[in-house]
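After this come two complexes, each holding chain A, first together with chain B and then together with chain C.
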Partner chain A sequence: MAAISADNHGLRLWTRYAVLVLIAIIFVFPLVFMVMSSLKPDQQLLSDTASLRAFLPVGDISFHNYTAAFERAPVGLFVMNSVIVTGITVLFSLLICSAAAFAFVFLNWKGRDLVLTLILATLIVPFETYAIPLLLIASKLPWIGFDGLTWGWLNSYRVQIIPFIADGLTIFLFVQYFKDLPGELIEAARVEGASWYQVYAKIVMPLAGPVLATAAILKFLVMYNQYLWPLMVVQEEGYRPVMVGLQYFFQLNVAWGEVMAYLSLITLPVLAFYLYLQKAFIASIASTGVKG
Partner chain B sequence: MAGITLNDIRKSYGQVHVIKGVDITVEDGEFVVFVGPSGCGKSTLLRMIAGLEDITSGTLTIGDRTVNDLPPKDRGVAMVFQSYAIFPHMTVRENVAFGLTIAGASKEEKEAKVAEAARILQMEHLLDRRPSQLSGGQRQRVAIGRAIVRKPAVFLFDEPLSNLDAALRMDMRMEIGKLHKTLGATMIYVTHDQVEAMTLADKIVVLKDGMVQQIGAPMDLYHNPANAFVAGFIGSPSMNFLDVDVKAVNGNRITVANPSLDPVEITARHGSYTAGGKARLGIRPQYLTPETDRRSGQLHGKVALTERLGAETVVEVTLATGKSVIAALTRDAVYPLGSEISLSFNPTEVHLFSE
Partner chain C sequence: MKSLNTLAGAMLASTLFAGSALAQTELTMWYHGAGSESEMALVNAMLDEFNASQSDWKVVITTFPQIAYNDSVVAAALAGTLPDIIDIDGPILPNWAWAGYIQPLAIDETLIANYLPGPKGVWDDKLYGIGMWDAAVSLVTRQSYLDELGLRTPTLDEPWTGEEFQAALDAAKNSGKFEYALDLGMAWNGEWFPYAFSPFLQSFGGDMIDRSTYLTAEGVLNGEAGIAFGNWWQSLFTGGYAQATQDPADRDSGFANGKYAFSWNGNWAALGALAAFDDVVFLPAPDFGNGPTIGAASWQLSISSTSQHPEGANAFINFALNPDNLARFSKGLGLIPATAEAAALTENYQPGGPLEVFYELSNRQGLLRPVTPGYPVMAKVFEKALADIANGANVEETLDAAVDEIDADIEANGGYGFK
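Up next, the complex of A and B:
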C-alpha cells in the first residue's frame, strides 16, 4: 500500500514538474531564439528557422550584428531617452498616484466617491480612442523652459512623460492597498500629532513597499514599451525611445540579425533588472509584515 | 488642568443615531471608566473625544477650550488602542518617540524622555526591537509608552487589555492603576471587563444604546443602581431578577410577593408602584443565604446545580415559578441535587424596580 502511494506521489510530482518545465520552455524559447539569432548572419538565421538549430549557437557565430546595429542606429541615445522618460514617469507616478489614493482613502471630502468612480472608469477606455485628441492638445500646450515661453509640446521628453504620470490603474492599486492598512495605525499617528502630510510620509509610504514595487513594475513595462505615442509626437531623433528605434531596421531589406541584436540589447538588461526587483519585492512584503 | 465635559453630545451615521445625547463631566485627574454592552457606543464616544470622529451635535470641552472642531493633534490627548497600533516599520524606541519626533524635539530630549518612559514601564531592554519581535503584553507596554512620553493631560484607553491573557491582564491592570497615581493625569478607559471597571475607576459611566444609564463611583453603582440595567450589569455573578406582584403600597414601603416568594416589605428607592401592579425584585447572589430549615427562608425552590470552588459555592435554584436564581456562598457547602431548599435575604439589601 505504502509503496503504491509513494509511487503515486512521485508520479504526481513528476507530472507537475513536466508541466512547469513545458511552460518555462514556452516562455524562454523566444528569448533563446532572439539571442541565438542575433549571433548569426541573416542567411543562416533564416535557414536555421527550419530546425532546432534556431535555438542553438551553431554555425557562423559572431557579434557582427551588434556592431552593425550600433552603426545603423544611435542605440545608446535611444536607450538613454527611454531610461529618462521611463524613470521620471515611474517616479512621479508613484508619488502622485499614491498621494491621490491617500486622499481617496483617508481624507473626507465632498464628491470623493464620485471622483474615484470617474477615475476608475477611465480604466476601460483604450489609449487609441483618445490618442488623436491628446496629440492635438499636446501640440498646442504652453511650456516655460530655459528658452522662455514656448507653445506646443511635440518633440520633447515632457510630451512622453506628463500624460502618463497619473493613471487609473496605479491609483486603483494604491487605493486597494491603503484600504487594507490597519486604520488604527493612521489614527494613532494623528493622535500623536502628525499632520496628514506626516501620516502620508512617515506611516503610509514606509508601509507601502509591496504596492510601490508592483506599481513601479507595471508602470515601467508600459513606459518602456511605448511605441504608438512617441511615434506620433516625436519626429526628432534626439527624443526617440527604444521601441520606435526598431523602425531603423525595417527599411527596404529587413536586417533580421541586426533586429535581433537590437532587441537583445534593449530587453535583456530589463529582464535582469526585473528578476532582481522580484527578489526585493518578495523581501519587502516579508519584512513589513503589515499584510497579516 | 484638563477636565472634560460632554454636553448633549450626539452622533449619527446618516439616519442611524449611535450616541443619543450624552452628558458627562470628568474632573481633572479623574479616572473614568465607560462600560456597557457591545455596540453601545463606548468607542464612538472615546473617538469623538480624541477627535477621530466628527461630533454631530453638542459641545465637547477639554480644559477650558471647546474642542469640537479641533484636529486630534491640537486636543492634548493620547490614546491607547485595542489593537495597540504600534508602527510596524519602526523600532520600539522610534515608536515611543514618535510624538516627540513629530513635535520636533531635540535628540537629547527624546533620549531622556524615552528612557524615563521605558523605566516606568520596565521595558528598557526592548527599545531596539521591532514590534514583530514583541509579545502581546510587550506591545501593549510600547503603546502605553508612546502615550505617556508626551505627558499629555488626558489619556484615552479603548479596551487596552482585551487581547491579553488573564494573568497578564491583571498585571497590566495594576500597572495602569499605578500609572494613573504617578502621572495624575485625566484618564478615560473603555472596557467590557467589570473587574477592570470596579478596580480602576473613580467614576463609572454605564452606557446602553448610546445613552448614559448611570454615572457614579463603583460602590455607588453597586449599592444604589438607578435601574435594572445597571443593577444587572454591575456585579458578578449578575443580579437575580424576580417578577413580583405588588400587594400593598405604603408610601415608599412596598409589599411584594409571588408564588415562590413569601410576602416581603421593601423600601423602594425609586419608581412608582400601585397595589395589584407588577414590579421587578433584584437580589444579588451574594445576599441570598440557603436556610437549613425549609420554612425560615422567603424564597422556595429546588436545587438545580451546585458548583463547588472551595472558597466559594454557587447554587442554582429553580423556583416554583420556573425561574432560576443563583446564590453565591463564601464557604464550601453541599446541597443534594433536586432537594428542596429555602433562601433568605435581608429586605434592606435588595432592590425594587418598577416595570
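Up next, the complex of A and C:
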C-alpha cells in the first residue's frame, strides 16, 4: 500500500514537473529566439524560422548585429534615458502612491471615498483619450531650473516622468494591501504616541515589501515600454527612450538581426530588475492575488 | 617681433572668424532619416556645405525614425514647437498645408522650371514643398523570361494592355517554372498599398476619390471601374498568381532567387535586381484601358508656418536644389534625380544609364496621389480594403464600405476646403 502511494506521489511529481517545464519552455522560447536570432545574418535568421534551428546557435553565428545596432542608433543613450525616466518615476511613484493609499486607508477625512472612487475611475480612461490635452498643457507649463524660469516642458526628462508618477492602479494596489494589515498595529502605535508620519514610515512601509515589489515591477514595465508619449513630447534625440529608438531599425527593408540585437540589449535592464525583485513579487502575488 | 605679429594676426583672424560664425542665425530642421546611415551622411554633408557657404544661416538638424516622424510633426504642430524646415512625404503635404503647419515656398523658379512633376508639392496653386528626387515603380523581369514565355517586350510608347498583362501572368504560371508569377510586395504595408496599387485602379478608370470635386469617392472607388479593378485584384490571389501574405525575405530576394517571374518594385530596388541578373528589364505599368500610371511624389522640403526665418529656410532649400545636390542623393541612394540636368550627372540615370528608364517612367507615367488633405485617411482606408479583398472579402461590399468611410471623413472635416 505504501509502495503504491509512493509510486503515485512520484508520478504526480513527474507530471507536475513535466507540465511546469512545458510552460517554462513556452515562456522562455521567445527570449531564446530573440537572442539566437540576434546572432545570425538576416537571410539565415528568416530561413531558420521554418525549423527548430531558430532556437539554436547554429550556422553563421557572430556579434555583427550588435555592432551594427550600435552604429545605426545610440543604443546606450536610449537605454540610459529609459533607465533614468523609469527609475525616477518608479521611486517617486512608490512614495507618492503609498502615501496617498495610506491617507485613504488609515486617515478619516471628508470625501475620502468619493476621491478614491474618482481615482479608481481613471483606470478605465485610456491614455490616448487625454494625450493631446496633456501635450498642450505640458508644452506651456513653467519650470525653474539652471536656466531660470522657462516655459514648456517638452524635450526633457521631467515631461516623461511627472505625469506618470501617480496613477490609479498603483494607488489601488497599495490601498488593497494596506487594508489587510492588522489594524491593532496602527492603533497600538497611535496609543503609544506615534505620529501619522511615523506610523507610515516606521510601521506600514516596512511591512509593505511585497506590494512595493509588485507596484515597482508593474510601473517599471509601463514606463520602460512608453512609446506614444515620448514620441509626442520629445523631439531631441538626447531624451529619446528605448521604444522610440526601436523605430530606427524599421527602414523599408527591416534589418531583423539588428532588431533582435537591439531588443536583446534593451531587455537586459527589465530582466535584471525583475530578477532582483522576483521573490517579493511572487510573495505579493501569493498574498494578494494581484498579478501583472 | 615676427612671432608677435604672427600671434596678433592669428588672434585677429580667429576673432573675425568667430564673429562670422556667431553672426549665423540658427535654423532648425527636422528630417525623417534617423537610422539610415547612408542617407544621413548625404544630408549632413549637404548641411555642412550650406553652413560653410554663407555667413547668415546655420542649419541644425534633428532626425527622427521614419515610422515615428509624421506623428512627431503633428504633435509639435499642436504644441507650437515646429522647426523652421521640415521634410514631408509628398502625398501628406496637402493635409499639412491645409492644417496650417507649413507655408508656401519662395524659391528660385528657374531651379524648378525643368523639374519632374512628382517632386513639386503644390496645394491651392501654391508651392509648399519641393523634392530633390522622385521614385517610380516598374514591372521588373528578365528578358530571358519574356523570350522563353513568348511575350512581347512592352515599351513606354507601347505598354502591355490589361489582356497582355494577364496573358503574361498566365504564361508564367503555366510554365511551372515559378512559385508565383507576380511579386506585388505584399510583405510591405502602409503607404506602399496606395502608392503602388492605386495606379492600377486609376488605369481601370476608377480612383480613390472623385478628383473633379474631391468631395466623394462614390462612383469612382466603388463604380464599375472600381469593381472591375477589385475583381481583378482578387483574382491575382484566388488564381494563384500572387501571395496575399508574403514573407519579407521573399520580397527582398524572391525575384533574385527565381521565385517570381515579375516583381512590382521601385527604383530603389533596381540596382539589386541588376546585380542578380545581367538581363533584367524594367517594364512600364500595363494599361488597363485608361492609360498606364504609376505613383509619383516622394519626400520634399518645406518650411513651417511658425518659422521666424523663412528667408533663411528658403535660402537653404534653394541651395539644396542645385543639380550637384540632386545628383549626390541619386548616386548615394539610387533615387531618381528631379531634373534631367542632374540625371546627366549620374551614372545610373544619365542617357544610356541602366536606370534611365525610371526617369522616363516618372516623367510620363507618374500620377500624384489624390491632392487633398483627406489623403492620409483615404490611404489607410484604401490599404485596408485592398488587404481585405486580397484575403477574400466581397469586392463590392468592401469598396462600398471604404467609400462610406472616406466620405464620412470628408464630411466630418467640412469637405477639407473643397465645398
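Simple rule for what comes next: the second predicted complex is superposed on the first by the 255 of 292 C-alpha atoms of A that agree within 3 Å, B and C clash if a C-alpha of one lies under 4 Å from a C-alpha of the other, contacts with A are read in each partner's own complex, and residues count from 1 in each chain.
Keep in mind that, in the parts below, a residue touches a chain if its C-beta (ideal position, glycine included) is under 8 Å from a C-beta of that chain, and two chains touch if they have at least 3 such contacts.
Just so we're clear, the structure is a prediction, and the values are computed from it rather than from any experiment.
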After lining both complexes up on chain A, report clash or fit for chain B versus chain C.
-> fit
Chain B versus chain C as contact partner of A:Gln198, first or second or both or neither = first
Chain B versus chain C as contact partner of A:Ser47, first or second or both or neither | second
After superposition on the shared chain, which partner residues are touched by A:Asn253: those of chain B (first), chain C (second), both, or neither?
-> second
Contacts of A:Ile132 with chain B and chain C, given as first, second, both or neither = second
Chain B or chain C, by number of chain A residues touched = C
Compute the least Cα distance separating chain B from chain C in the superposition and give it as a whole number of Å.
-> 50
Okay, in this complex, where on chain C does chain A touch?
-> 30, 34-37, 62-68, 71-72, 75-76, 78-81, 188, 247-249, 252-253, 268
Could you please specify the touching residues of chain A with respect to chain C in the complex?
-> 42-43, 46-47, 71-73, 132, 135-136, 138-139, 152, 154, 231-233, 235-237, 244-245, 247-254, 256
Quick one: which bits of chain B touch chain A in the complex? Just the residue numbers, please.
-> 47, 50-52, 71-73, 77-79, 81-83, 85-89, 98-99, 102-103, 132, 143, 146, 150
Can you list the residues on chain A that touch chain B in the complex?
-> 182, 184-185, 187-195, 198, 202-203, 206-207, 288-290
